[in-house]
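Before I ask anything, let me first share the structure, which is written out below as structure tokens.
Naming follows writing order (A, B, C and D), and every chain is counted from residue 1.
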Amino acid sequence: MLEVSNLACSRGDHRLFSGLSFALHPGQIMQVQGENGSGKTSLLRTLCGFLMPDEGDILWNGSSVSELQEEYYAEMLYLGHLNAIKDELSGLENLRISAGMSGIELSEKDAIAALRRMGLKGRELLPTKVLSQGQRRRVALARLLVSDAKLWVLDEPLAALDVAAVALIEELIAEHLARQGMVIFTTHQPLQVAGMEMRTLTLTRAGSGSRGRPA
Amino acid sequence: MAINWFKYSAPTTFYGLAGKLIPWFGISAAILFAVGLYIGFYVAPTDYQQGEFYRIIFIHVPSSIISMFLYLIMAGYAALGLIFNTRLSSMMATAIAPTGALFAFISLWTGALWGKPMWGAWWVWDARLTSELILLFLYLGYIALHASIDDPRRADRASALLAIVGSVNVPIIYFSVKWWNTLHQGSTIKFSGTSMHVAMQQAMFITLVACWLYAIAVILARVRSIILERERHTKWITELPEVKN
Amino acid sequence: MKKETMSGLFMLVIRRDLMLAMRRRADVLTTLIFFVMVVSLFPLGVGPEMDMLRKMAPGVLWVAALLSSMLSLGRLFSADHLDGTLEQMMLAPQSLSMLVLGKMVAHWMVSGLPLVLMAPVLGIQFDMSAEALGVLIIGLLLGTPILSMIGGIGAALTLGLRGGGVLLSLLVLPLCIPVLIFGTGAVEAVSTGLSVASHLSLLGALLVLALAFTPWVTAQALRISME
Amino acid sequence: MNGLDIWMRENPITYVLLGSYAVAFLIFAVEIAMVRHKRKITLQQVRLMRDAGDEE
């Protein structure tokens, strides 16, 4: 379970949000909403420990994330704006390496199966620099298939994807939630997960003391 | 919330306190400089080996000592700021760097001027002069790194780490330079004889204190500007008398 | 699914960086060519007297190695920073220091090791004796990894900054001075008949120190720079 | 021995005073001027910020 209490974050002189509290239980999904510059990405990056919050705590199963460190990282997966794939490497190599970095030794067979499910059949061995934006995003998203992380933190997972790929991601999220996983994400495109209550967290911009509240 | 008090009001009280202290430090520095140089030039006798040239030590030795200590103090403040996230310590570290660099420069300059009549060359690769030069490089690196990062928080933290790494390296560098120097039988500027005249010691001690007071005054003045700049969004800054009118 | 161990992850990072370096061979070659060129410029600058060149050789080779390793340091983290891989490394379930050490080792194998292998050829141009060459190579073998490791701190601190390359050299070069002193000192000790072992063991001690501390410091620097 | 060397040995006190102390105090003076200038600039900026804040 992910708990956030009284979180405050700022960039430079600018306070993004403060007094933010919410909890995410197994099997729940939450969308972070807000206009540009309201701190959606900063919130997700704070959850990953890249940014230090000004105030407040982030707890994973009751313990502080900053103390758990690697233990917490083993149970979470983050996909940001950047794909974290190398142009020089093939989709297969990229997927196996990124899985390896998240602590999973992935066999070639499993990696190929994952890439095929992402609709990259026949392109597994091409260097990713010849792939289109959407296809590269698919390579990055293939990590969702091979990860055993409980918490998914997804920043704009649907960017550059076509309708079929969006449907596939929705399916993957539904499977993950059915396995008692948790998802927190941002998106500018509508994302529907069948049979799931979508919670939303809205970050509002205000000079001081902007508040997010879960609906 | 003890931490909050430390974090938010320390610069507030410090700003006022520093403002009151600066004139005292400044004035006493000026008086002590005058006294120290009077003793150094009129009371202290001529050295029988080095003639009048030795009188450079009254500025050379204090500035060498201060430049080295300031680096350690800067690294100490930087470490405090990095570990405990206290803003004032990071600001102090930033304020110390230029003064430290200038003292290192003065030490090099006066060292060169001393070397010329003693050794016949402006620059000798003496262990102490070389270490001082490397120290100046370390200061310049710190200042350059701090200046090229826009986000003040990242600038403080990154340059703090550099200062700590630098201060760990300073003994290693000093030792290796000394080792290198003995291997190459380089020349070392040493004071002739074993005993310095009492008046020389007094003059040097007084100018050392004067340099310290000057350094503190300038650093406090600089840190006040940094506080103003960093805290300009807070209420207490806008209520300061010097900001109001 | 099998879990990666700490050493598994360490090896993975090295394998990955070597693989990438092999696909971008030009980068590796430029560093090496730079090294050869800088060294070859010295005789042109100071004249071809063999006695002087023999005396200068260790210093020239070491300074050139220092400069070439600065040249490649900028790439140590910047590519991974730009494409987001660094973020994923920070989220690895093993200590970031270990991954950083892996990257440093790979960087040394790609940029330091070729210099070490090239050094004897250049040393012959300077008419160095066989014994001196041997000591030079051992010194470079011990010293160039330290350059990669200290450089790693600088590369992490200057991540994503404008003018990062020059700034990086400004920060790192003063810290590398002890390595330079002991490395060249060892070669000079051969000709003056002093103890070579003491120089080399000091270099070895520096290497151990660097191995113990620089990965952790670099990991902290990366965390600061990623904020 | 060139001219400077001879002059230096004939006027050691002047050499020390001009070469070291005058330069050191000049550096101090420049530093003080820089610190004062910085304070002036910072105060101006803070006032500008405050005025901009009032108008909002």
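List of remarks:
The rule is simple: a residue touches a chain if its C-beta (ideal position, glycine included) is under 8 Å from a C-beta of that chain, and two chains touch if they have at least 3 such contacts.
Since the structure is predicted, the reported quantities are computational estimates derived from the model, not experimental observations.
Here the chain at the heart of the structure, going by C-alpha means, is C. Most remote from chain C, judged by the distance between CA-atom centroids, is D.
Averaged C-alpha coordinates put the centre of chain C at 40 Å from the centre of chain D. As a whole-number value, the distance joining the C-alpha centres of chain A and chain B reads 48 Å.
Chain A and chain C have Cα centroids separated by 36 Å. A straight line joining the Cα centres of chain A and chain D is 54 Å long. Multi-chain contact residues of chain C (touching two or more other chains) are listed as 227.
Taken residue by residue, chain A touches two or more other chains at no position, since every residue touches fewer. Residues of chain D in contact with at least two other chains: none.
Looking at the complex, you find that chain A touches chain C at residues 48-52, 70-71, 73-74, 76-78, 80-89, 93, 97-98, 100-106, 110, 146, 148. In the complex of the two chains, the chain D residues touching chain B come out as 8-9, 12-13, 15-16, 19-21, 23-24, 27-28, 31-32, 35-36, 38-39, 42-43, 45-47, 49-50, 53. Taken in their complex, chain C has these residues touching chain B: 153, 157-158, 161-163, 167, 170-171, 173-175, 177-178, 181-182, 185, 188, 194, 202, 206, 213, 217, 220-221, 224-225, 227. Taken together, the chain B residues at the contact with chain D in this complex read 37, 41, 51-53, 55-56, 59-60, 63, 98-99, 102, 105-106, 109-110, 113-114, 116-117, 214, 218, 221-222, 224-225, 228-229, 232-233, 237-238, 242-243. Per the touch definition, chain B reaches chain C in the complex via residues 134, 137-138, 140-141, 144-145, 148-149, 151, 153-154, 157-158, 161-162, 165-166, 168-169, 172-173, 175-177, 179-180, 183.
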